[in-house]
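After this come two complexes, each holding subunit A, first together with subunit B and then together with subunit C.
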Partner chain A sequence: MKSRSGSLYSLPLTTWISLFFLVPMLIVFVYSFLARETGGGVRWEFDLSAYAEIFRQTASGSFIYLDIVGYTLIMAVSATLLTILIALPCAYYIARSKNNTLLLFLVIIPFWVNFMIRIYAWVAILGQSGILNESLLAMGVLKEPIQFLFNDYAVLVVLVYTNLPFAILPLFTTIEKFDFGLLEAARDLGASHNRSLWSVLLPNIRGGLVTAVLFTFIPIFGTFAVPDVMGNSNVFMLGQLITSKLKFTGDYPMACSLSVLILLLSAAGLVVYTVYNNRQEQQHQVVIAEDEL
Partner chain B sequence: MKGSEVRVENADKKFGDFHALKNVSLTIGKGEFFSLLGPSGCGKTTLLRIIAGFEDPSSGSVFLDTTDVLPLAPNERHVNTVFQNYALFPHLTVFENIAFPLRLKKLLKADIQEKVTHYLQLVHLVGHENKKPNQLSGGQKQRVAIARALINEPSVLLLDEPLSALDAKLRHQLLVDLDLIHDKIGITFIYVTHDQSEALSVSDRIAVMNEGRVLQIGTPFEIYEAPADTFVAKFIGETNVMDGVITAHVDNRYTIDTDSLGPIMVTSDRYFEVGHRVRHAIRPEKIDITKEKPLGLPEDFNIFHGKVSETVYSGFQSQFYVETDESPQFKVYQQHESYLERGPAIRWTDEVYLNWDADDGYIVELI
Partner chain C sequence: MTKLTLSRSIFWTTIAFLFLPLVVLMIFSFNDGRTMVWKGFSWRWYESLFTNQPRLWMAVSNTLIVAFTASTVATVIGTLGAIAINWYRFKAKTYVRAMSFLPLILPEIIIGVSLLIFFRMLGLELNLFTIILAHISFTIPFVLLMVMARLGEFDYSIIEAARDLGANENQTLTKVILPISVPGILAGFITAFTLSLEDFVVTFFVTGSGSDTLPIFIYNQIKRKLPPEINAFSVVLVGVTVLILFLARRSIKYFVQRS
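On to the complex of A and B.
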C-alpha cells in the first residue's frame, strides 16, 4: 500500500518555509515596487522610483548606488577567493589526517561563541592597543602602534575568518570521498605532484568547490556586521546600505529594491554555473557525435 | 629488448612496528613475466610500491638496468602500474583516461588520437572510447587501466592484483590476454598476486613471499615440484605432509619412518643422513587410488590401505579424503578420464589402496 502521509510529514517544513521564507521574500519583492511614505513605511501605489534610484547618476557623473554594488562585488569576490584558497588545503589536510574528528571539531568550535563577540575579539586583536600591536611593539618591530582596523583589509581578514568553516566543511565532505589512489595513478602516469592535484583532484571535487563558493559568496555579498565594525566608515557595503535605509531614513522601497538586487546578483552566479555546466555537457556530446562520423 | 632489468638489493621496509619487508634481494630479467606471490600482508604489494616509487624502502636499493631509481619520483621512473581497483579517473572518458599520459607530455592531437586508437585495439575496447568509467564493466575497466599504463611505453609494467575484483571466468580470460600482450610488446611484467594458479599459469618465474621474506624464486615447475620449505609446499597447490626420521638410504633413495604412516620410500637429490628428522610431502594428484590391491608394482612404490572418509566431486576430477590405518586424513585427487577406465566408482566409506612412486614424493626440509 502506498502511503499518502508524505505530504502530512512534510507539513511542518512546508509551513515553516512558507511563513518565514517565502512570505518575507514576497513582502520584500512587493515593497520594492511601492512608493516611499515620508517618515517611513510605504504608500500602496505602483512606483519604480526605488529601482530608478539605484541607477541614478549624480551631476558629477558618479553612480551612488552602483558604485556601492561594485565595491561590494569586489570585496565579496576577494573574500570568497581568499576563503577558498585557505579552505582547500585545510580541508585536504583534514580529510587525509587520522585525527579528522578532532580537527573538524576545532573548525566548528568558534560557532560556540556568539558571532558579534567573535568580531569584537578581532577588534581586541587588531586594535591600536590590541595584541598584535603590543606584540610587535614588544619585539621592537614597531616604534608606534599602527591602526590595523577600519580599512578593507581588516574587513577581508574577518570575513575570511567568519566564513572559513562554511567552505572547509563542504570541501572536507567531498575530499573525504575522493579516492586518493587516483593521485598515485596520476603520478605513476607522469604527472608532477601539483599537476596531479590540478588535473585529478580538483575536477573530482568540483561539486564541493561550487558549494563552498556559494556558501561563502552569498552571505558575504549581503554582509552587514563585519564591515560595520571593522570597515572604513566612509564606504558602505550593500548590507550596510540596506540597514541604513531601513533604520535611519525609513526608506522601505529602496531597502527592498537593493535586497532584490542582491538576490538577483547571487542567483545570476548560480545561473552562469548551470549554463556553463550544460554547455560542457553539450560540447562533450558534440565530440562524441564527431567521433561517430 | 624493450624491457628493463629490475634489481632489488637488500630492501627493508618498516611501517612503525610492522616489518613489511625483510632484506629482500631479487633480480628480474629483461622482458620477464615475473610474479610476486604470497598471502596478504606478505610484503608483495609493498615491494611493488617501492619499485613504482610510492614508498621508499627503509634501507636497500632498487635499480632499473643500471639506474638507481630511489631518488626518482614516481613520474620520473620508466615504470607504470595497473592498480588493483583500476584507479581510472572518473571525470574522464575512456579515451581521455588513456590519453592522460600523452596530454601531460603535450603530444600533438593527431599523434594522441593515433596512439590511443592503437592501444584501444590492443585491449579490444574500440567503440567504448567515449564512455565514462562508471559505464564500463569490471573487465572493461581493467583493460582501460592496462592500456593507460602501457601507452607511455614503460620498460616495466607493474600489476597489483589486477584481476582480484573480477569473477573467475573473466579472470582467466584477462590473464590469457595479459600473457598475449606481454608476448607482443616484450617489456618486463611484475605481477603481484595471492592466487597461486594465476602465478603458475603465466609467469616465467615466481618469487614466493611470506612475512616480508622471499622464500623461493623459481620457475612455476620448480616452485611446484620442488618447494623450498613447508610454507611454499602448502601455499602452492595441495599437499600431504608427513614428518619422520630417516632410517636408511641407498644412493638417492631414502627410507623415512614417518610418525603417521610408518616407513615410506622417497627419492631426493639432496643429501640427508640417517637419523635426520625431515618433512616429507606428496601431492594429492600423484597418488593412485584403487579398490583392489594393486599387484606387480615396482618395489620403490609406497602402498597403504585406507577408507574413504569424504569425497568431493568437482567435474573434471574427484577429491578423496582417505583415512589410512594410522593417519587421520590423506588427500587424493583423481582425474576423471582415467578414473572411469579404472572400473567402478569409488564411494564414501569404500576400502581403498593408495600407492605412489618414491620418485613423486619429496623431502621438503630438515625439521
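On to the complex of A and C.
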C-alpha cells in the first residue's frame, strides 16, 4: 500500500501523542533536575537537590521520603497480594462454571457506579455514624461508636475493592484456556487435590497471574484518592506526596523527581513482564516446532 | 471430579462484598432521614435531587460535555491511527506503537502530573478545555486497542481485493475499511466515554475552579458532608448506565450481524 495514506492516517495520532505524552514526560524529566523557585515553578539551573532530598536522612536517622516510598510499597504489595488471593479462587470458579458470562457480569456491575461514589459508600459504611457502627450499637455489641475509617485497614479494604475486577478478568481469561483434563491426570497419578492445583494449574496460568499482578500493583502504587479519603492523615502514600508537592507547596522539582521514581519502577515492572512473555512465547514455539517434527 | 465448594463460597462472598456498597446506597436512598439510621421509607431525596441540587447537576453536565467531546475526538484519532498501524507502512511506526500504549500501563498520576506541568508551562488557564485535552490523551490508547482488535480479525487481502476491483484510496477507506471497523469503533467510543465519566485522578490535576466534573464534585463534598441526595443520585446513575449499556450492546450486535 502507498505509504502516503499511512502517514496521513497516522498523522493526528503521532502529533497528539508527541504533544501530550512525550513532551510532557520530557518536561517532567527535565524539571526534576532543576532548582526550585520559591512561590512555585522552577529556576533554569542544573540542580540535583530534589533527588538528594529523596535520599536525605534526618538528624534523628529517619528517611522522610524513602519511608514514604517504603510505606507505599508495603501497602501496594499487601493490597495486591490480598486482591490476587481473593481473585484466584473467584476466577477459577467462574472459569469452571457453565454460566460464566452471567458470573462475569456480576463482578462488573458494581463498577457501573462512579468510582468516587463507591468510595463514598464505604465512608457511609465504615464511618463513625456509619451503618457498621449503627448496627453494632443497635445489637448491643458496642457501647460507643468506633472509628473504622482513617487507618491502613480501611485503605486496604477499599483498594482491594476497587481493584478486584482488574485481577479477576485476566485470571479468568487464562484459567478458561487451561485444559482441566491435566488436573484429572495429576489426580490419577496420585497427586492430592491441593497438590494438583499447586503444581499443575498454577504454573500453567503464570502469564495471567503476572498480568493481574501488574494491573493491580501499578495503579495502587500511584494511588491518591483512596488513601486521601480513607487513610490516616499522618502518613502519606507516594501519590498523596506528589499531589501535595505539586498542587499545594508548588515544589515542582520534588514532584517531578518522585514521578520519575514511579515511572522507573513501573518501567522495571514492564521490562520484567515483556522479557517473561517473550520467553514464554519462545518456549511455546519450541513446543510447536517439536510437534511438527 | 474436582471440588468447587471452597472456590464457590469465596466467589459468592466476594460478590456480596462487591455489592455491599451498592445495596447500602440503594436502601438509604429511600431513608426518611439525613443519616445512616433508618427512619422509614420516603421518596423525598429523589424529589429534592431534581429540585435542590443545582451544583450536582452542573457537575453532571460538565462531565457529559467532557466525556462526549473527548471520546469523539479520541475515537477519530484512534481509529485513523489503528488503521494506519494495522494496514499501512509509515515512518515512526515503532515509536507510535510504543508511545501510544504507554499510558495503559503507567499509573494515572503520572499523566496528571505531566499534563498539569505542561499546561502551566504553556500558560493555559485550567478549565473544561484542559480537562478535555487530558481526557482525549488518556482515552486514545483504549480506542486504538479496540479498533486494532477488530481490524486484526480481517485479512489484508480484503484491501487488495478492493484495490483490484478498482477502488481508489478514499473508496477503500470509506467503503471497505470503515464499515468493517464499526463494531471496534463503537466499542472504543463506549470505553473512552466510560473512562472519561469515571476519571478522578487526571481530572483532579488539570481542573480549575468552576469546572468541577462529577467525581471532583463528590470528592470535594466527601471531605465535608455529602448531601443525602447522593444516595438517590447513585441509584439513578446505575439505572441509566444499565439502560445505556443494554442499548449499546444491542447496537454492536446489530452491526456485527450486518457486516
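Observations on the structure shown:
Everything below uses one rule, namely that the second predicted complex is superposed on the first by the 247 of 293 C-alpha atoms of A that agree within 3 Å, B and C clash if a C-alpha of one lies under 4 Å from a C-alpha of the other, contacts with A are read in each partner's own complex, and residues count from 1 in each chain.
Operating definition for what follows: a contact is a pair of C-beta atoms (placed from the backbone, for glycine too) under 8 Å apart; a residue touches a chain by one contact, two chains touch by 3 or more.
All values derive from a computational prediction rather than experimental measurement.
Within the superposed three-chain model, A:124 lies in touch with subunit C and out of touch with subunit B [touch as defined at top].
Contacts of A:102 after superposition: neither subunit B nor subunit C is touched. Of the two partner chains placed by superposition, A:271 touches none, neither subunit B nor subunit C.
In the superposition on chain A, A:181 makes contact with subunit B only, while subunit C stays out of contact range.
Of the two partner chains, neither subunit B nor subunit C is touched by A:74.
Of the two partner chains placed around the shared chain by superposition, subunit C is the only one that A:259 touches, whereas subunit B remains out of contact. After superposition on the shared chain, subunit A has more residues touched by C, the comparison being subunit B against subunit C.
After overlaying the two complexes on the shared chain, residue contacts for A:203 are found with subunit B alone; subunit C is out of touch. Of the two partner chains placed by superposition, only subunit C is touched by A:25; subunit B is not.
When the two structures are aligned on the shared chain, A:195 is found in touch with subunit B, with no touch to subunit C. Comparing which residues of subunit A touch subunit B with which touch subunit C, the overlap comprises 184, 193.
Across the complex, subunit A is touched by residues 52-54, 73-75, 79-81, 83, 85, 87-91, 100-101, 104-105, 129-130, 148-149, 152 of subunit B. Contacts from subunit A toward subunit C in the complex involve residues 1-3, 5-7, 9-10, 12-14, 16-18, 20-25, 27-28, 31, 41, 86, 89-90, 92-94, 96, 103, 106-107, 109-110, 112-125, 127, 129-131, 134, 161, 164, 180, 183-184, 193, 214, 218-219, 221-225, 229, 239, 242-243, 246-247, 252, 255-256, 259, 262-263, 266, 270. Residues 179, 181-182, 184-193, 195, 199-200, 203-204, 287-288, 291 of subunit A are the ones that touch subunit B when the two sit in their complex. On the side of subunit C, the complex with subunit A involves touching residues 2-4, 6-8, 10-11, 14-15, 17-22, 24-25, 28, 35-37, 76-78, 80-81, 83-85, 87-93, 95-96, 99-100, 102-103, 105-111, 113-118, 120-121, 133-134, 136-137, 140, 144, 159, 169, 173, 197-198, 200-201, 204-205, 214-215, 218-219, 222-223, 226, 230, 233-234, 237-238, 241-242, 245.
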